[in-house]
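As written, the chain order gives the labels A, B, C, D and E, with residue 1 at the start of each chain.
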């Protein structure tokens, strides 16, 4: 089975006043057809930059993006708009308010990609398709005539999902699709997404900082820290036996709706290292890492398998280190 | 920070250079496109075409445009703005002499406008939708809705002719006051420096009506901006924090809200000032104000190239400097800009 | 905006600020300075625009400079004064009076002047014939207007001037020109402090024009105390002046106030003594109001007129020109444009009987006749053209043109009014491409043939805005210039005036007044052909 | 709950005037808080939890009107207090921290100065003393190099740092009550944990009572002694934390717990809550949850609903509690 | 999951009202905006009257605006001449009415020209940033560096005082304001989610700008438009005052004020006052119109 998306050594650097900002630094990842991959990491870790490159609205500095066997990383973002792959990679945005044009009705929002990427349409077929999509995401049809500010957060989220599904994508990037929603709505949307994946066979790249959610809807998870992948593997494996202290800290920080659960926690101290002109020989987590040693300051740890399909980039991830 | 300000100033000046060059070129071309023929004007009555031609030659107007331009630029490089044909004076000296009058008037108008507009805007913003809000909007809009020459004449008629409150509209000083020794060129300041209260009073009295006329024109944009920006700031989270901290309402309003709200106001000041310099031209004409605006109008009408060019160039430089000042001011208020620079 | 965070003091604070500011400014207004100490001996004059040079010889010196130099420089001779029928004073072009020259006599060669021995320039240097020689050399050498003006009196070359001794000066004349002596009484032939000017001359500027433009090098009754171009000129009396009785006014301040309304207000409120260049309506009302005195003198040898370019169809057709002459709304112009501050120049006798100029044309408004003439000319449907006016004289020209436009419309001539900026007017008329225009022209020298020489002669001078060329006309004008027999001379004049009224290249409208408005206590105002103010005889009672 | 409560909210009702009608944002809210206690207020957006906190602080929107009830702080009714008294209380006796700390601080004033402003207002210190105290406060919230950081501006700091500054500012005058309104929303999970730990520690140190307003049941569970659950302007249930999770009595609470993702629960096990919050304009049924509730019976639409104790220290607003 | 203090009316699913037809909804919205703000309602009424006068002015005017009657010159307001007569005896009321069309034309034409050029340049600059932004910014700086009124004077003086040139000059000096505003507004939305979404939906740059970004920056721009309409008339009036405006005897408010200004001191106040007042009311109307227009155009203000 060939991967739907295969990213190799993808990097993106931005020139800033103080030097080069390494937003994404040699990231590799694969997404299989129908698979749901979670991408987690704190703000500023390069998630968004990576996503923008994968959805081809930003050009990478280095590396390759292979989509369904075709190299698409080298196509300039401006030209990619007119490529057939455009329809195949779609995205659901984090903030449903910000991502919906305030001057478009729900109908216009959903119809826009259809008009651009699919078709030809007549008035009737287009309306039929939009209504079909609305039904699919559980958006009541009368709401199609509304403007974003006239809808609730959950409704807007559904519009955003319908828009992304319209062009029948094969890869759907979901950028924190539920972070702006109430828990009750979140559950509904998560179930909807899960169901859609199963019925449509779409692959997901699910970006989130909420590990509870990632655990629910993803098969595999990729953890990023300061532009680099520090850990990746099957959800169960990573959640049960995190190989990287950062992953461990993330897991520990999740507040559990269970007052009985008493935990020992890794507390992170200090501020993250600067992503500007980073020293390629120093572990990015060094300085904040509770188990950091001399070696971390002179050698950048590489991703190593810690369990089947489960990789971590830590000198001490072998299970014998101070972590366990 | 200390080193970043001069660097920023230098960079901004450098960035403004192309604009200045463009202004010089455009002005040159524009003045040459004016329909008049200064040679014919200065040949005097009853001149023969030959005489006109001779004068044209002596003025260098018969040379090809690029040559004229080159000599103009060469003159500029030497600090020579040329000589006005209408007044017969070197343009540079004349602008230098008249500029303080215009700047003093414009600044007075601006200060007056700020004094009226900012409190008005704040009052409107603290009570959106109230009668104060509507009133402020109507009043300030009325101010900007009248042509300055009309308000100026009306004000003169009412306050000078009918009521006799204002002094005669005859320039910067009344006829019997003597100008204070020039230090800054601003009579208000110079007279204070010279401890000449008589001159100060005269200069102040002369300034009030034209400055008011001019200032009225600027009230609306500033008040509008203040209101909008104040409204935005007042509903922002940090004001809520300040209130939740029990800070006094005065402190919240002025030290917290107003200072933040002034940022966009400061930015508009550049535009407003540029606006006022335009309106100034007409106000000077009405009040016989010996500034560079009236000078420019007369010259433009007379196709007298040198003063027009000198005037516009001066204005452009003034504008650049003003914007620089605004940037620095902005930096003083807003640390984000300062540190980014 | 929390309930607890209202600032009830704010509006009050603002109100306080505004009221406080207003009161403060009122207070400053109210205590206007009472600096009236020198007021009685100072004359305050407001003008629309002032001089651009202190030296009439400089290139581009404007008409305002005539008046200034008239007071700051002496000439050899000047004109006498006469009282007009209305009681006002005017110069008398028939009387020549001594100024720097105590006396003069005509010789075979020309004229010999004897200078007064006590005259001194403003810096105390005695005035000598050498200064006169240098000044006269200068005016005929620098070119432009001064040179041109002096040529009218056959004074053209430095070789004509000779300083015989310190106080004797001779002007040699190539022909016995009757205009030579009068020409020495115009503003141009000033006597300059040659030593002072030479000291400030440069190799590029041997006549020191750049310096005299900004500096006083004279010995006239007034010294320039200060001059801010475009703003203010202050003259003070020269206490050592010998060329006439010492003026009464110690000081004269001329301020430029561009707005006519303000000039009127200033005068009415008594803040100034004299206002120059008032619009005719203001003059009329002020004269009627009686609060101030208005002296209006018809400007000699001057005429407002409608000119038609005889080289441009359809105005090459005399019938069209006559039609226009009948279509002009003469009386409305007198009423609504000039407000009676002019002498009508229409509705005169059918036949020219007077040798005076200007004199009324036989035309009067008669639209029916005008239409008939248009039909005769083959323009019964009318035509379209552009009516040009001088923006610099818009006060009169614009309403005049508007009325004219309306009337012409009635006979089918549709016009667009083209306002030419004042400074461009001369260039515009020099091109002679305006089909029809409204303008004025006056001659300094008060002779009909002088006016016609400029306005109608085939030499096609700039002021012949109609490009009118007619050999018969030229012959009559030339004859009148040389004619010494009074009767024949008058016949010539009547003939060319008749011809002009027949051909009608220009339609006379009115002879305009030179109006000066003064406070009642100002006396001694004298009308001068150069239309500048002569402060020397003036006084404040 | 021991002794007289520090804060006693009694039957508080509040409504907003809007273009489209009056929104009954709070109705008969009754809550009390003892000294040193930590109370969690949990609810979905629109449930009225922030409105409640703003009403307590007296910083409500001008369109808000209190229609009934009292808010007693140490026996003093905040709703009838003069704005002067209220101002003296705010920042000194009761303080608040907000979400989005980066915009909740004055962007153009050094953070140290902002803390000083509060100190100068309430503590009667000289400028120099205030300065010293401000730096001390920054140290207490574990900001490294506080001396230097006092001169920094909010934009020069990370969100977590800004929230620490907010905490320093709120606690500068050692208030008896701290209202933390979604203090960790928008922060990274690791930062979130650190901030909550800090609040916990400081609260314990100073015996300060805390109201934690959050949408995150997990967060409340971990940090609060008691939890109040709000729905559509009602407090539907108040109970000690362990009891609430172990035996929720209000159907909404139960559904809320069930719908929250947590370890060991699969997606299929997450039970969405049907329906949405009711429109708070116009007339409302006595139970505002009734329309969404699976247990609705005619009794639910009967007369007015009053909170009652379902167990000691466990009150519930439901006609048919679980 | 933010919970704010402002009372967001809880959305309803219980009753999803069938949407009104767009026209009806717009009408309802306009009615709402007008009823909410009396000042705006007044300005709309004023604008309506101006449009009517612009169209039917010549039919309504009681006298021929160009017909002089020197016997009836300078008459104060009376039953026959409500606004009095001017120095040539023309009826000021008629002139004021007939002038409406020209003044509206000048301001509308100038503003449309400036708006089109300015917003296109501004949107491009704001969206692309980089070199485009720098070049356009530099051009705008250059125009702004001129004293604007003097630039307008220069243009009219150089090209001749036709109405077309007055419009052109007014447009040129207004362009910078549109550019700056459009640039700032576009820049603020450049990174907005919906722009990114539009790109993912297969929209090219120009379609994004025209279809997605531009309509969103329209509401704030409308305020500028209405402000500028007033400014355009004032500008024309100023040009008339110094003799560079509309040619006589065409009635135009500015030139009438300029003409009448000279008669204030002599007591014929009505010549300048009536056109001045109408001019002020018109500018006033335009100024106040902006807020109302923005409210109408902005769908977020709809409930």
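The rule is short, and it goes like this: a residue touches a chain if its C-beta (ideal position, glycine included) is under 8 Å from a C-beta of that chain, and two chains touch if they have at least 3 such contacts.
The shown structure was predicted, so the numbers you read here are calculated from the model rather than taken from an experiment.
S.K.: Counting hops between chains that touch, how far apart are chain A and chain D?
M.R.: 1
S.K.: Just tell me the minimum hop count from chain B to chain E, counting one hop per pair of touching chains.
M.R.: Minimum step count, chain B to chain E: 1.
S.K.: What are the two chains with the top count of C-beta contact pairs?
M.R.: Highest contact count belongs to chains B-C.
S.K.: As a quick test, compute the distance in whole Å between the mean CA positions of chain A and chain C.
M.R.: Their C-alpha centroids are separated by 87 Å.
S.K.: Which integer distance in Å separates the CA centroid of chain B from that of chain D?
M.R.: So the centroids are 53 Å from each other.
S.K.: Could you please state the distance in Å, as a whole number, between where the Cα atoms of chain A are centred and where those of chain E are centred?
M.R.: From the centre of chain A to the centre of chain E is 47 Å.
S.K.: How far is the middle of chain C from the middle of chain E, if each middle is the mean of its Cα atoms, in Å?
M.R.: Roughly 45 Å, centre to centre.
S.K.: Quick one: which residues in chain D touch 2 or more of the other chains?
M.R.: Where chain D meets two or more other chains at a single residue, that happens at 44-45, 59-61, 64, 86-87, 215, 276.
S.K.: Which chain B residues sit where two or more other chains touch them?
M.R.: 35, 153, 157, 161, 240, 243, 249, 285, 301
S.K.: Show the residues in chain A shared as contacts by 2 or more other chains, in ascending order.
M.R.: 152, 182-183
S.K.: Note which residues of chain D are touching chain B in the complex, please.
M.R.: 57, 59, 86-92, 95-96, 98, 100, 103-110, 117-118, 121-122, 153, 155-156, 166, 169-170
S.K.: So in the complex, which bits of chain B are touching chain D?
M.R.: Within the complex, chain B touches chain D at residues 236-238, 240-249, 251, 255-256, 259-260, 263, 333-336, 339.
S.K.: What part of chain C is in contact with chain E in the complex they form?
M.R.: Residue list for chain C touching chain E: 259-262, 264-265, 268, 279, 281-282, 285, 329, 331-332, 335-336, 391, 394, 398-399, 401-403, 405-406, 416-419, 421.
S.K.: Provide the residue numbers of chain D that touch chain A in the complex, in ascending order.
M.R.: 44-45, 144, 158-159, 161, 188-194, 196-197, 215-219, 221-222, 241-242, 245, 255-257, 259-263, 265-268, 270-273, 276
S.K.: Hey, which residues of chain B end up touching chain C in the complex?
M.R.: Touch list, chain B to chain C: 35-49, 51-52, 54-55, 58, 85-89, 94, 97-98, 115-116, 119-120, 122-123, 126, 132, 153, 156-157, 160-161, 164-171, 174-177, 198, 201-202, 204-205, 208, 234-235, 243, 249-250, 252-253, 285-288, 290, 294-295, 298, 301-304.
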